[in-house]
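Take a look at the structures listed below.
You will see chain A twice below: alongside chain B first, and alongside chain C after that.
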Partner chain A sequence: MVREVDPPSIQKEFLLQALAEGKRLDGRITLEQREVNFVFGEELGCVECRLGKTAVLAQVSASIVKPRDDRPYEGFLLINSEIGPMASSVYESGRSSDDEILITRLLEKSIRRTEAIDREALCILAGEKVWQLRLTLHFLSDSGNLLDCASLAAMAALKHFRKPEVEVIGDEVIIHSPDERAPVPLAIHHTPLCLTFAYYENLPPILDPTHLESTLCSGTLTLTLNAQREICVLSKAGGTPLAASEIMGVVNVGVDRVREMVKHLEEALERDREGRVVEVR
Partner chain B sequence: MTSLVLPGDSIPLPSSSKSIVLGPGIAASTSRVQSGRSQDAPACIATRLGLLGSAKGKEKSEQYWVEGSSKRYIPAQKDMVLGTIIARHAEGYRVDLGSAQMASLEGLAFEGATKRSKPNLKVGTLVYARVSLANRDMEPEIECFDPNTGKAEGFGELKGGLMVTCSLQLCRKLLNPKFPVLPTLAASIPFEIAVGLNGRVWFKTETVSESIALKRIIEGVDSGHIKAEKEDVEQAVKEYLA
Partner chain C sequence: MSSSRLEILNDGGLRHDARRPYELRSTSFALSTQSNAEGSSTVTQGLTTIAVSVYGPREPRSRANASHDRAVISVEVGVVPWAQGGGGGMKRTRGDKRLQEIGAAIRQTFEPVIMTHLYPRSEIAIHVQVLSADGGILPTSINATTLALISAGISLTDYVTSISIGLHLTQPLLDLSQPEESDLPSLVVASLPSSGKITLAQMETRLHVDRFQEMMDLGVEACKVLKDEMEGVVKEKTRKIVERMDVRGVAVEEQ
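Showing the complex of A and B:
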């Protein structure tokens, strides 16, 4: 694995000096996120999310499989997230670095384990046929904070996706093609989104660290929250210890941010829906 | 005069007696071509795709180079570069220039350095240097003084300030005195600057907010958000300093 060259020491001095004045190198304030942009693909369930220069493409596809014997009513949600060298030259395909494992596991926790998707609604015929959703994430460019961007892209793609309508007559299952009947959206319980904060010694935390900021910080904290003010995941992997009051402070900030993000996501989806012709006869 | 050249194309050079400096992307061909007269002249060929650029250099010489749109810096002799020291060993330092290979910087390649008194640079120091040797398949070598005068001429360790990375094309443009960005910035913000041809720019200003404004403008010009015109840059300065 090619180790990344550390940034020159003057970068750290300058960054700390700027943060002490409450300024960040890209002109943001401490708890401000980079601009979020969604690019919707031609197909339903294909969304590219851009957070500043960081970009992640999410793609959802569905197929019909046989459920597990012990859970005959549950469908599957598979998350595929491999960070390849396209994101940055430090990532190697086939071998996963610590960062990559952390990102993959947190995504798994914040999307699958929080039951964001109603898996029982994916059942077609108990014990026989269920939908299997496959969520594939392509990390296109790493300019810091891949995780937040990936969680946004994943939720946007799941909300954007429509599965074909199925009809069950007795034991027979008829799958209607999208030209015949309008495909149906997935049943989504809530929208958990990740927020990453970076900590520096004796300085207030910053939201959405860039690549330079995250290489120089003393620790990060990732929260997964939803618009209903629920903490879904809290992950603090190493770094400097934090007091409980500090964590509560960022949680309160995070709740507001997640509400804004969900609103922004819904607006973007709405705009896309208006411009899209869903064929119904 | 700009023209597109492909690797292997011969470069049309003026046949006057003026001296010609060949920059990156141009190499002397190993084969000789028949020029119009009877004598054989060594031909120059392009080694990469790009636009042929030319400028008047020192002492009436003429400079030629090929302006590509590559992203990876390839060291070329006499380029001024910014590098980070990543390791030190008995004879000198290993420096990261952002190229495929690390460059080596000899401990004696500084102004006034002798075997007894060599500068002591720490790992992580940013240095401004000149590429002294750049052969294909060989580790490039850099030096922190002008070999003609033996003086530092601005090369050496850079203390304080901030480094930003930008495209290789923008670095070359910034060095052109006719390019309006730096003169316009200098009118409103006093700063010290070192432009490396390896896609790195270092600058130092009085206050943090001035440095941040400079960084955002250079990155904005690079990405195309800010046009490289006098008025646009002036407006951006006002906006970012506010």
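Showing the complex of A and C:
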């Protein structure tokens, strides 16, 4: 793997000095997130999410497959999230670094293991046919905090996506094309979103670190929360030791922040829905 | 799996292996179990056994990974094929993402605790081998790594001890076994017992925020208990070594 050049120590000192005064290099305050923007694609289930200069494109597609024998009522959700050199020159295609594995695993845990998507609702004909959803994430540009951006993009795409309507008559399955009948949205239980905090020695934590901030930090903590005040995933893998109260502090900040983010996401989806003709009544 | 029918906590307040909620599994710590490594340890918690060997500080195997002002730490995690019972368990190979994640977690946990600045331009290699798995691979690995590093004589700022905490309805349970781990929301905490600070916290299942604090506090408390146990083993080992050195010292004087 190509090793990145460490930032010069003068830059590090400057950043830490600014943080000690509660300022960040891009003018944000410590617990402020970069601006989140959604760009909805032509098709349903294609969303690009931008978090400052970080961008991730998520695309959902569905196909019909045979379910597993031991779980005849469950559909599949596959998450493809390989980070290629497009995001940043440190990533190599085909070989995954530690960071990359952490991002992939955390996404998988926060979306799949928390059962955000009702997989039983993907069943068409028990033991015979189920929907297989494929969520592909394209990491377009990495300017820090890919994970949060990817989780936003993924949830937006899943909420945006609609699968064709299916009619079952006896053993026969009729799939209606979107021209015939309006496609139906997925059954989504909750909206887990990731929040990443970066820590520095003896300084308060910052939310949504940029690339430079995350290279210089002494540890990060990623929380996946939903609007129902549930922690879905918490991952603090080493780094600066924190007191239990400090962890509870960021959890409490995260709870409010996620509620705002979910609201923002819903609003963006609503705006898109108004400008789009999916069904005619 | 039959685990879905498992009674987590029975009417008498006992768990499936007859433990009380806050009771740990039988634990044994052994130091220097492997002679060819600089430091090694074998830790058994219940039916989980993990052996860790530490090599180094030594010259880095690859120049590219060396750092001029501190030691670099590399962690490799392996699972022996028979660790999880015949056929029933998941097959895990070296390239497994889950294992790589555990390795990364161990590395990042120990990076701030090992005084890496004392060993510039060198490498400390930690090899974790899971000999039998019955839940709590990550916490047991962390405990074993702490002991192996101590046995290698590498400077640490503190012990790092780790434990898993589960939640059954409103009752927190300590040190989960495999069937409990697959049924309950669980949290793994690794802490520095002297300061009570948390270096690693990992949770993978949905849990309400209000329950979380209680589990975390309990975990930190349990880590302190584990540290006392480990310290006892280390001191006993050191006492034996000093005794042996003394005997030789006396012999030298007599000549």
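General remarks:
Going forward, the second predicted complex is superposed on the first by the 278 of 281 C-alpha atoms of A that agree within 3 Å, B and C clash if a C-alpha of one lies under 4 Å from a C-alpha of the other, contacts with A are read in each partner's own complex, and residues count from 1 in each chain.
Everything that follows uses one rule, which is that contacts are C-beta pairs under 8 Å (C-beta built on N, C-alpha and C of every residue); 3 or more make two chains touch, one makes a residue touch a chain.
Since the structure is predicted, the reported quantities are computational estimates derived from the model, not experimental observations.
After superposition on chain A, the partners chain B and chain C are accommodated together without colliding.
Residue by residue along chain A, chain B and chain C are tallied for touches, and C comes out ahead.
Looking at the shared chain after the overlay, A:Asn80 reaches neither chain B nor chain C. Contacts of A:Pro8 after superposition on the shared chain: chain B is touched, whereas chain C is not.
Of the two partner chains placed by superposition, A:Ser93 touches none, neither chain B nor chain C. Legend: residue contacts after superposition of the two complexes on their common chain; A:Ser177 is shown touching neither chain B nor chain C.
In the superposition on chain A, A:Gly219 contacts chain C only, with no contact to chain B. Of the two partner chains, chain B is the only one that A:Asp26 touches; chain C does not reach it. In the superposed model, A:Lys109 makes contact with chain C only, not with chain B. Fitting both structures onto chain A leaves chain B and chain C with a minimum C-alpha separation of 9 Å. For the contact definition in use here, the chain B contact set and the chain C contact set of chain A share no residue.
Taken together, the chain B residues at the contact with chain A in this complex read 84, 86, 96, 122, 124-126, 158-163, 208-209, 211-212, 215-216, 240. Taken in their complex, chain A has these residues touching chain C: 3, 98, 101-102, 104-105, 109, 113-114, 218-219, 221, 225-226, 229-244, 247-248, 251-252, 255.
Listed in rising order, the residues of chain A touching chain B in the complex are 5-11, 13-14, 17-18, 21, 23-27.
The touching residues of chain C, counted against chain A in their complex, run 64, 97-98, 100-101, 104-112, 187, 191-192, 195-210, 212-213, 216-217, 220.
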